[in-house]
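Okay, so chain A shows up in both of these, paired with chain B first and chain C after.
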Partner chain A sequence: MKTMETSLTAHSGKLIGSIERRLFLKQGLSLGALALLSGCDLTDDESVQKLLTGMSRWNDGAQAWLFNPNKLAPEFPESAITKPFPFNAFYSVDEVTLVDGKDYKLELDGLIRDKKPWTLPELYALPQTSQVTRHICVEGWSAIGKWSGVRFSDFLARIGADTKAKHIGFKCADDYYTSIDMATALHPQTLLTFRYADEILPPKYGFPMKLRIPTKLGFKNPKHIMSMFVTNEYPGGYWEDQGYNWFSGS
Partner chain B sequence: MKTLQIVAVAAILAAGTWARAADAPGKPMKMDEPMHGEMKKKSMKKGDVRKAAEKKERDMKPRMDREQAGGAKK
Partner chain C sequence: MDAAQAQWVKVHPLIVRITHWISAFGILIMVASGWRIYNASPLFPFRIPNELTLGGWLAGALQWHFAAMWLLVINGIVYLTYGVVSGHFRRKLFPLTPRAVFHDVLGALRGRLAHEDLSVYNAAQRAAYLAIIVCAVVLVFSGLAIWKPVQLQEITAIFGGYESARVVHFLAMTLLVLIVVVHVVMVILVPRTFPTMITGRARRAS
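Presenting the complex of A and B:
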């Protein structure tokens, strides 16, 4: 069995390299923002925050412009899977939210033609696909896992989502919330997943479903999704509203 | 001697069960406790996420209602 560290060593090469390049670019942009701040009173929190938020939103636009919807994230053999796959959240593993699968219904809102809620058996009956990809956390670690579910673009087409809208937001059972851009939602590797390692998602990995986006950082992969909505209004997200970059992807 | 062995095995099994139960999900979240993980600022508490989610809901709902009403008029 591979530990997280050995798996990292074996597979970190190109991807970590490209992430480092992106980080360098982002840090360069942040340096630019700091340079702009030289004329401001740093004790004026509100104006500093406003400027930094503006800079971050500009950064989102630049990343969205650079995003190649046809470029795939690396996939790995099952032998590369990190065991055990790490648990990570803003709470401890014993506080993981338990969702009752029997009564569960995925709620839909916003610019969607058919807002009928979806039960788990209905979702499980959709055509499923699997991927072994690397989850990269903004905290500085990464791990490889196998997720299975429905291609998100197929699901969006099925529910009649307005795919010309800008954002898709997610509300989760543990109160977490986030949102993503439509181009990433339509990326072929973005999956609405119901299984981890060929088993129904255990609570600690996000039962009943997790949006798996291998082109984005881990905090953009919401777990325990209870509802989703399509909108042109900017929905932000919990960490994003604390100053983390909204796009956070390649 | 045999009794001792039985007691030892029982104690090990009980400890294992307790350890698993301690890690089992589903305990109510302690909202006033500091957040876990490396993304947080020091002052952040687990309950902050719920408060922020409620505030976001209040902010987004009227905007989305207007958006959908506008779309329906077209």
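Presenting the complex of A and C:
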């Protein structure tokens, strides 16, 4: 049995409810339309951008958690290599930076015991290893290539890098810069490479050296490396500072 | 029995209504940002007009995509768990036979599909809602395959590798968008279903 009072409130509640509903629908629809029409402006809104940047940091953490230091990227037969391997940078192929190999020295800085710079002949004399792996671009395309060089974890051990530190930063001859987490730096497939397809790296693929990281997206693989530093402070990167996700693991 | 009460039937449980609208919002963000990501390296010989996309450029679109991803996955887990545990799926989406779907789709095309009782889905609806769930699951897994082809390479392998996972992700999106378009058209044709997804109640046709 219902009392008069409750059924009355129920009734007026229904009326108010239906008016509120209409208002809600109207507002909801215009909000949706606004979001669709001004997707660009919405992204530029300060509070929205703050939320998105926060989510990107959260995704850095999620990816670091997911990263398994023993999980290897699939390797492919040489017959699977993509020819020609695509060139990609923030400039066009005819603007590629030419580094003079004769005077070249890799500079070391930060939390490293032996900061002696390395010449190319010295680097080439280190034990070398090769890999045929898939390079995946943040744009979505992928290509398979063959890179050869020194295992980065071996190099870090040789120079006495503090592998308890958080980051390694790279500065490149083309003014590109980026940084990676230590766990990825120590991954067995992370190579400091000097050759592409068994030839000394041509300028367009990053002469004199490219850090090849098959567990990260392409833009996290710096080319034309001039110096590297080990640090606990977040070094950012050319694309990362513009909003691309820092960890960008694959 | 109270007269006012008899006129209304409960159609959609609160959890279904909440997860429905979160899905609608999340899918809008995922599709619009996904289209922008697609444009950075189109798989097929066409581009999506930038006006229909979200993010302004690739980095912005990726931020939206990988933020809304969490919202949709959490929402999807709540919805699927509720649907299975409460028996909601079993009651609402089954039984479902190809014959009944064929019959009701034909009926719908001729404009002769009955909607007297909104609490019971016809076979065309059941098939469409089930297909959306299947599409969403395929989208999540093909998405993981693209996002983590090394860490989750076992999932990537199921889709035949990174490049084919991209194709699957795009096709599942296309199917989902088509079903959503049909869904919205049907809501426009039978407008009283719309407030029902907000209030949860429908007036019983007598």
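In the analysis below, the second predicted complex is superposed on the first by the 198 of 250 C-alpha atoms of A that agree within 3 Å, B and C clash if a C-alpha of one lies under 4 Å from a C-alpha of the other, contacts with A are read in each partner's own complex, and residues count from 1 in each chain.
Here is the rule we use: a residue touches a chain if its C-beta (ideal position, glycine included) is under 8 Å from a C-beta of that chain, and two chains touch if they have at least 3 such contacts.
The model shown is predicted, which means the values in this text are computed figures rather than measured ones.
When the shared chain is aligned, no partner comes close enough to touch A:P86: not chain B, not chain C. Once the two complexes are laid over each other on the shared chain, residue contacts for A:G160 go to neither chain B nor chain C.
Contact comparison for chain A: of chain B and chain C, C touches the greater number of residues.
When the two complexes are overlaid on their common chain A, residue A:V138 makes contact with chain B and with chain C alike.
Of the two partner chains placed by the overlay, only chain C lies in contact with A:L51; chain B stays clear of it.
Once the two complexes are overlaid on the shared chain, A:D109 sits against chain B while remaining clear of chain C. In the superposition on chain A, contact is made by A:Y176 with chain B only, not with chain C. Of the two partner chains placed by the overlay, neither chain B nor chain C lies in contact with A:P188. Common to the chain B and chain C interfaces on chain A are residues 138-140, 239, 242, 244. Interface of chain C with chain A (complex): residues 2, 4, 28, 32, 37-38, 40-41, 43, 52-56, 58-60, 62-64, 66-67, 70, 147-153, 162-163, 166, 194-195, 198-199.
Here chain A touches chain B in the complex through residues 88-98, 109-111, 138-140, 169, 171, 174-177, 203-204, 219, 229, 231-233, 235-236, 238-239, 241-242, 244, going by the rule given at the top. Against chain A, the residues of chain B that register as touching in their complex are 22-30, 35-41, 44, 46, 49-50, 52-53, 56, 60, 63-64, 67-68, 71. Residue ranges on chain A touching chain C, taken from their complex, read 2, 7, 10-11, 17-18, 21, 24-25, 32, 35-36, 39-40, 42-44, 51-53, 55-56, 58-59, 66-68, 71-74, 134, 136-142, 214-215, 239, 242-245, 249-250.
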